[in-house]
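Shared between the two complexes below is chain A, which pairs with chain B and chain C, respectively.
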Partner chain A sequence: MGALAALLLGDGRLPVGGHTYSAGLEPAVAAGLTRDRVPALLRARLRTTAVTEAAGAVLALRAAHRTPVAYEPVQRALAARMPAAPQREVSATLGRGVHRLARRLAPDHPAVTALAGLGSRPLRPVAFGALGALGAVMGVTAAELAHAVVHDELQTVAAAALKLLPGDPLDSVAWLLAARPDAESAVELALAVRTPDGLPARAAPLTEQWALDHARRERRLFLA
Partner chain B sequence: MPDHENRPHTHHAGRPRALRLGVAGPVGTGKSSILAALCRALAPELSMAVVTNDIYTDEDARFLRSAGVLPTERIRAVETGACPHTAIRDDVTANLDAVEDLEEAYGPLDLVLVESGGDNLTATFSPALADAQLFCIDVAGGGDVARKGGPGITGADLLIVNKTDLAPHVEVDVAAMVADAEAARDGLPVLALSRKDPASVAELADWVRALLVRHRAGVHVPTDPGPMAPHRHA
Partner chain C sequence: MTGTDPTGEETRPTLVEAVRDGAGRQVAAELSPGAFLAPRPLFSPPDRVRVALVSTRAGLLAGDTLDLRITVGAGARLELVEPSGLVAYDHRGGASRWRARVEIAEGGELLWSGAPFVIASGARVERLTEVEVAAGGRMLWRDLLVLGRSGERGGAVRALTRARHEGTELLMEDLDLLDPEQRELPGVLGPHRVIGSVTSLGVRPPGAGHPSRMELAGPGAQVRLLDRVTPPVEAGLAAVWESWTATECRPQPPSGSAAVRSISTSCPAKPS
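Right, the complex of A and B next:
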């Protein structure tokens, strides 16, 4: 199931609420980001938040394969690396959609039941890790999962750009291809993380400030 | 099952969960006014909540809050990423989250109204989100709208021909428009409505009450009016 499952995980049509999210683009645009700076935003995210996201998902995937399944350390480490409250809330909202899908696919799988045992809603990387661990249904390798998370991050920005900074949609494919070296190093960094303590905490202060501003904004298209 | 989400018709304790009624229809046909009218008529007897989907987060929610027909915290708006049709049909995640949050905070609820962002004639609710749906068109959109059809017009549980009080001003024959709609709907009900005609509003409220009775009795089966019909942008 691996290769197909990996494609499903990174597919924006996966019905888990991804269309409500711009991966930080709408807050950035509100702060003045222009279309020509989208590649720079992609690079910035690939070197900061995307590494943490992908590494968190990989740690959750590995946790899901152990008995008993314990996600708390990953969940706590992730939350500590999302200092702006709206970022944690949005991650939990997006994780909720992934959790709902995992429950539908394999409600009694230990990797899924352990999500409900967390004290709070699973953050999105944790839910992705659980979903990716569903062997017969959705099983993926750590590398496939990290690629899917990073790919999803890039495509989320690119798709939201079509709404927020309209231009030729073909441009966005070129943006993603140009971002490939940074995307590959984000995946490598994520795979190298072995423990929740080692989860990278790369600060992205502007991203955090924009997320705080966005949470107070009324006329928005996207959750974040 | 660890939760109630995979059992669409029962609540935690086996009580039927709230009826989820979708309200769809093109922009400007009066969906928000219908929601306000339903809240005004039914909130005294039912525990209700509302979810709105608009292009920008909360225009419709603000309209309803300012109408004062329901406690403001029972009216939630969801972001649709500029995809209102996706949010009620292809990927209902954000709306399900909002409905479940309202049930958790104020439940048990009797009725949750979900208003679609005004889209075109082809956007209808997935049964994964709405147990039943109203589709709203209006006389000001032209007398031939009902004849043009589309999944909402032909298949919604109730079709509303709204703003009948404007008919003389736009030279539309309401009776003919209703007859066209009935012909397109193969026996499904059509209601000519005006917020200035209290009898028509009472008829709408009665239709919802009767639907709620069927929902609670477990005999109402959600039906899908159909997917987005092929449409051209000529």
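Right, the complex of A and C next:
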């Protein structure tokens, strides 16, 4: 099941609400980002927020395999690394979609029931970790999960670019392949995480400001 | 002038400790000069201890370690003043370190308005700020990093912030600005080279409205300002500092034991 599950996790058609998200592209475009700078934005995300996302998912996956399942430390660690409230809000909204899918697939699995037991709404990496832990249904390895999260980040930006900065769709594949070295090092950093307090916290200050600005905007296509 | 010597003279930490004594007076319990900064008591109103951190050496060079340890006792209130900024000069290949460790006990308060820290081209600084705030405690912190003196692209700095409140992570940040190419990427700093912030740890200051205000997940908030030049950031931070110190602090929602609750209902360290 592993190979198919890994493909499913990284598939943009997975019905978890990913179409509402531009992985920071729309706020960046509103701040003046042009199409030729999309590869630079991908690099920036792969060095900062995407590492935290992927590492958070890896920690949650590991937590999901333990008894009892305790996501709280990962959830709190993620929140302490997302200073801007809109970032946490968006992560919880996206996490909800993943949580619903996990519930549909294995409602009684301890990895799924523990999500509901969290004191706050599961952030997306936590929900992804839970989904990835569903043994016979969606079971993946930590490496597969980290790759899926990073791949999803890249594809999310690329897909949103078709709407926000229209151009040749074939470009986006070239962008993704060019970002591969940074993507691989993001995955490596994510897999190196051992404990919640060691969760990478690479900050992207402008991204935070853009997230605040975007949350106040009335006309927007994407949540973030 | 570089490297650590066997006597430890070169890395001696600066120690500052404020306490509230049995009679309720605010007292400086410890003021020990370190290798770079000497703490000097200033005229203090009765509700706090005011201390200036006076530079005793020129800025940071390769091999230097500036170490600062600040302790605020239960119910004590300490205000730190920095009369001059700090410059990390061209390290010619080496690296320097700047470390601060802050501990604030129950109901204690630290007001630390940091002066600009300039990372000149050729400098390479590893900076670590660790903060532990106990129940009912608070730290208000102004921080200003400037990459390069005027006209410079600036040196390399990695600023780690690890702030905990009641033992739980409140704000964890790894601001990795070592590589100019990477930090100039969109979404990181872009064209900016001045990074300023006012951060409240332990208390979420009342009021909202600032377009750069970030509400932390726990009790705290931060306003971070970025710019190409320093004056607008300094002015912006000063306004936030003013508003966050002028307004009366509000109690945080109770988060634990009865003891915590009784402390949380009043403004930290402010005599009623």
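Methods note: the second predicted complex is superposed on the first by the 224 of 224 C-alpha atoms of A that agree within 3 Å, B and C clash if a C-alpha of one lies under 4 Å from a C-alpha of the other, contacts with A are read in each partner's own complex, and residues count from 1 in each chain.
As a working rule, a contact is a pair of C-beta atoms (placed from the backbone, for glycine too) under 8 Å apart; a residue touches a chain by one contact, two chains touch by 3 or more.
Owing to the predicted nature of the structure, the values given are computational and were not obtained by experimental measurement.
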Exercise for the section: Specify the outcome, clash or fit, for chain B and chain C once both structures are aligned onto chain A. Expected result: fit
Practice task
Between chain B and chain C, pick out the one touching the greater number of residues of chain A.
Solution key: C
Exercise for the section: Applying the touch criterion given at the start, work out whether A:Arg202 contacts chain B, chain C, both or neither, answering first, second, both or neither. Expected result: second
Exercise for the section: Check the residue A:Ser91 against both partner chains and state whether it touches chain B (first), chain C (second), both, or neither. Expected result: neither
Handout entry: Included angle at chain A between vectors to chain C and chain B, based on C-alpha centres and rounded to the nearest 10 degrees
Key = 120
Exercise for the section: Check the residue A:Leu33 against both partner chains and state whether it touches chain B (first), chain C (second), both, or neither. Expected result: second
Exercise for the section: State the minimum pairwise Cα distance, in Å, between chain B and chain C in the overlaid complexes. Expected result: 21
Problem - chain B residues within the chain A interface of the complex - result: 1-3, 5-6, 55-58, 78-83, 86-87, 90-94, 96-97
Problem - Touching residues on chain A, where the partner in the complex is chain C - result: 24, 28, 33, 37, 40-41, 43-45, 47-48, 76-77, 79-85, 88, 197, 199-210, 212-213, 216
Problem - chain C - residues contacting chain A, complex - result: 168-176, 182, 185-190, 192, 195, 211-218, 222, 224, 226
Completion exercise
In the complex, the residues of chain A that touch chain B are 13, 15-22, 93, 96-97, 100, 103-104, 107, 113, 116, 160, 163, 218-223
